[in-house]
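Okay, so subunit A shows up in both of these, paired with subunit B first and subunit C after.
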Partner chain A sequence: MNVSSRRFANAVVLRVEGRLDQDTCAAFTTDLMKSVDTAAAEGGAVVLDLSGLEYISSAGLRCFMLASRQAKAQHAKIAVAALQPMVAEIFQISHFNLVFQVFPTVREALGAVSGDAAAAFEKG
Partner chain B sequence: MRVRFWGTRGSIPVALTAADVRDKLAQALVQASGKVFNSYEEAHAYASSELDFNLTHTFGGHTPCVEIEIPGEEYYACDLGSGARPFGVHILAKQARKPATINVFMSHVHWDHIMGFPLFGPAYVPGTKIRIHGCHDVLEQAFRKQHSAPCFPVEWEQLGATIEFVKLEPGKPFLINGMTVTPHLQLHGGDSYGYRFEYQGKVVVYTTDSEHKLEDRAEAEKFAKFFHNADVVIFDAMYALAEAISVKADWGHSSNIVGVELCQMAHAKHLVLFHHEPANNDATLEGLLKEARRFEELTRGDQALKVSAAYDGLEIDL
Partner chain C sequence: MLLAALSLFLLFAPAANTLRNVVFDGYQQLFPLERTTDPVAIVVIDEEAIAHYGQWPWPRTRIAELITRISQAQPASIGLDLFFSEPDRFSPAAMADEMPILPTNLAKALREMPSNDEQLAKAIEGRNVVLGIGTTSDVDPRFRGPPRAAPVVTSGAREAEMPNWPGYIGSLDVIDAAAAGHGLMNSGPQDQVVRVVPIVERIQGVIVPTLGVESVRVAEGVGLRLDDAPGGLLLLRLAGVSMPLQRDGTAWIRYSRHDESRMVSAFDVLSGKLDPERLRQKVVLVGVTGLGVLDHKSTPLGEFVPGVEIHAQIVENLVNGVALVRPTFATWIEGAVFILCGFVLIWFIPRLSALQGINLVVFLVLLLLCIGLVAFRHLHMLFDFAWPALGTVAVFGTVVVGTLSEAERQRRVLRDQAAHMAGEVDAARRIQMGLLPDPREALGNDRRFKLAALLEPARTVGGDFYDCFHIDSRRIFFVVADVSGKGLPAALFMASVKSHLKSAALRGGDVGEVLTRAQAEIARENPEQLFVTAFAAILDVPSGVIEFSSAGHEPPFVRTPRGAPERFEMPGGPPLCVVEDFVYAPSRRRLEPGEWICCVTDGATEAMNEQREFFGVERLRASLSWMPEDIDPANLVERLRDDVRRFAGDAEPADDITLLVLRWEGGAEAEA
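Now for the complex of A and B:
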């Protein structure tokens, strides 16, 4: 599994590729929590770009839940975007679509969580 | 070997209300609009084959009591929730005044798992033998306390049956009339125990009131071993996954999704969702079942896993 991040103003876009399961969730959680801390320090948001995520298990979904709780505690925003069809269906099946704001694209997610970040994204 | 579900609800018994019955009836009438039935049998056949499960059934309201039937004279059951009352009626009818011998395996002694015993008919029949097996030190104390003032008017000593408590050890197989029963420690307030029943090559696992910590691979592997190649796994699926690991984390229960994942790891054949949340109506429970089935399809490896939802009255033959 690969994770890479990009900054757009006060938002961190975390791109996740591969499979997120019991074998990969510990390392991913560390990266994700750092991003939440960074975003929270600037009153911003984390957007998870899941266009490269092929599969997510319950252990992987738990990482998202932990991040959601931390973001809420630190008054940061968190959203997910660009889910592949199978991952989108697993989100619905597990009722995670009721916990997270889900957007078709990273652009739309940034537009919803931070005007500054959306403007920075448009500039490239 | 047969599994018969007498109680499938978690926490507290529930019953359909008059409004629930009217709603089911109205929905059924809408679906049947324009059809003509010339007899009860025709209408019954239509209801059985064409209508949604949640219109023609209810997932039932009794708290846990599951019978494991094997050839022989004795009875076997897991837990004595309110489903123990109809289980007792069944035993009395089948015995026709002849005293029975009943073996019970207790997951734990929280109220929803013992509340049926005061109205368990065979306990009042002299000559009946009841052996209550479990791993908790407080097993006998919990049953006796329930049978005392001010909770219940019949004292323990007034019961007609001979009641014996048998202490089991987690991980240690126990042999009873040709069936091997192995208890397994589970995560729940005050601990709970699952049971693996093995009889003539068939395996049933009863695992309720059990929370699974998803980050703990070693724990998942232990459960996969406990469920290994089981023909039926009766699994605590009280919540949807998001609920189980957020607002209801540490409440000692699990989800339909984790049930699918553990059964897939274990190469189990049939997952039965159990210990239904009392706040969920039949439509919600059917939704959770459909979601579990779809998740199984999406994540299937080389072996398909059958997924069902338990309801009071369900029988599974192995």
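Now for the complex of A and C:
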């Protein structure tokens, strides 16, 4: 799996590609937690762009859950966007929409978490 | 280890000498001395001269004529690689004695003529001629006194290590007295490569230089000095030149290639064909080569040259200051270099990759050989870095073997640890499997329903489980669950979740309350923040009413008789311990007699084949729809497991597969 990050104003968009399972989640957790810390420190938000995520196992879901809990504890915003059908179904079955705000696109997610970030995203 | 290598070296020191000679010869062959000056000419009494002037030995008058002719070219000195120990039998008086038939007056006249020896002495007299001396191990009765050698000024005591010969063979007194100097004719052993030659030796305590050196001395008209020099060496000095010597008065000769341009045939000299310029102001050495290979020597350059040429090379070494020495500290430096290389290897090899290690060794060996060559070429010192290089390679081998065996040992330890760990994981796995009930034992033999379950463990211990038990006389509870993650944490958590679910179920309430209550209990003991998906249900056996709820679990399939498998849609909620205050709501359905419900974990739907495709919900649906209508649940779970296995092929199962099938056969009718 592969994680790349882009900034839009005070929001970080983490694009997650590949498969998030037991073997890959430890490294991803570290990355994700760092982004949440940064977002919390700046009063910003983290948006997970899952358009490249093919599969997520329960270990991967747990990693998302931990990030969400930390974000909640630190008053940072976190949202997921652009789920592929398989991941969307896993989210639906797991009711992870109770854990995250889920948006069809990154743009909508940014719009929901931060006006500045959405403006920055529109610009380019 | 270094000590071992060092003692091995000492043990093989004799063999090392052979190796050293190979190395030194290699140096000589790589860089033979370029002749830049031409201080020596060699007059050879060769086959052509012998063919013209009769067989050897020649009458001394002929030699006198040769010397006279040479001296007309004004050489600096003439060194004869010859001695004249017996009276010449071609002397006129000797002829008279040989031939008694001669008329008396003729015999008398012959006897009154000067002897050939006197004529030679006359030719030698005042012409800077050096005569040869051969050393002997016994005192020769003809040469009892010490040789007439020019005095050598010495300081220090080391010259005492030079060989001291008891006897020698020189020339008749009349000839000897006319000579300007005396030089040793010994030009090294006959049957070996001549690397080291004696430069000065002693005869009856008198220091005698070798022929070439003595010829230079006579040419310069000065005396020789012999002093101690640093490094356990001697320094031979005369006029403006000097030559370092080993303690025994020998020196390693730096050879140039055989060069015909310094050779002059005695025939050319005697027949007056010689250009005098070829001898003018040079040290002229005279030797015999026309006697086959009697006095020929092998050089390190692989050439076979007359002994007199060795003397010429000594002269060139002396005049050009290029003679080689091997100081006594050379061995210590070689030893130190070896130990240094050894330490470098012992330090670096275990820290480098194999390829880097080999590169390091090759680099060290090349470096040593280069240092040796530089010392040879520019310092005129002989360092033998072949054995340190070999030693370095040997140390490398030892270190590599050591490193390998250490790696092997570590691997064994790791393997033992892994085996031990695997043993514990297996034990955990057995305990976990032991926690799972056998449905028939747990539920008894009730003809109104059939329940079968199966847990196919993955290689690593996982967090799947199922459970089923009676809540009371009418109702049974069953659950299929999957803890997030894998390994021992998941297995331990699974055990805790299972017992909490069971106690929550036994406390009564609908299935939603059971899940809500269990979640509260589990969340209190969940430091790792694991979560668990679960499908839980309570079946009222007589009525066939099933009450169920899902905590983020894969929806089960149901199939009515004559129907197709359908996914059980329900509101449910997130996995237990994700949203800790979530309240789970139950859903209800009345089963038809013969209807069955199949619960799975994601180990089944997410089983992967070698192309990394998932088994998936649709394949599960297809597999279930192929099952016969009246199939026994025990049979169904096995066939479904086989379908998943067949799909996965040789791909290793990533997760546990848990299957639970309940079939309601009907209530009262079946009981009756």
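Everything that follows uses one rule, which is that the second predicted complex is superposed on the first by the 124 of 124 C-alpha atoms of A that agree within 3 Å, B and C clash if a C-alpha of one lies under 4 Å from a C-alpha of the other, contacts with A are read in each partner's own complex, and residues count from 1 in each chain.
Rule of thumb we're sticking to: contacts are C-beta pairs under 8 Å (C-beta built on N, C-alpha and C of every residue); 3 or more make two chains touch, one makes a residue touch a chain.
All values derive from a computational prediction rather than experimental measurement.
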| item | value |
| --- | --- |
| Subunit A as common anchor, with subunit B and subunit C clashing or fitting | clash |
| First (subunit B), second (subunit C), both or neither touched by A:75 | neither |
| Contacts of A:26 with subunit B and subunit C, given as first, second, both or neither | first |
| Subunit B versus subunit C as contact partner of A:65, first or second or both or neither | both |
| Touching partner for A:57 - first (subunit B), second (subunit C), both, neither | both |
| Subunit B versus subunit C, judged by how many residues of subunit A each one touches | B |
| Partner chain in contact with A:93 - subunit B first, subunit C second, else both or neither | both |
| Identified clashing stretch of subunit B versus subunit C [21-29, 57-65, 129-137 or 147-155] | 57-65 |
| Contact residues common to both interfaces of subunit A (with subunit B and with subunit C) | 22, 55, 57-59, 61-62, 65, 69, 86, 93-96, 98-99 |
| Sites on subunit B touched by subunit A in the complex | 214-215, 217, 220, 240-243, 245-246, 255, 257-258, 261, 291-292, 294-295, 298-299 |
| Complex contacts: residues of subunit A adjacent to subunit B | 22-23, 25-26, 55, 57-59, 61-62, 65, 68-69, 86, 89-90, 92-96, 98-99 |
| Residues of subunit C that touch subunit A when the two form their complex | 482-486, 529-531, 533, 550, 552-555, 572-575, 578-579, 582, 602, 606, 614, 654-655 |
| Subunit A residues within the subunit C interface of the complex | 21-22, 55, 57-59, 61-62, 65-66, 69, 86, 93-96, 98-99 |
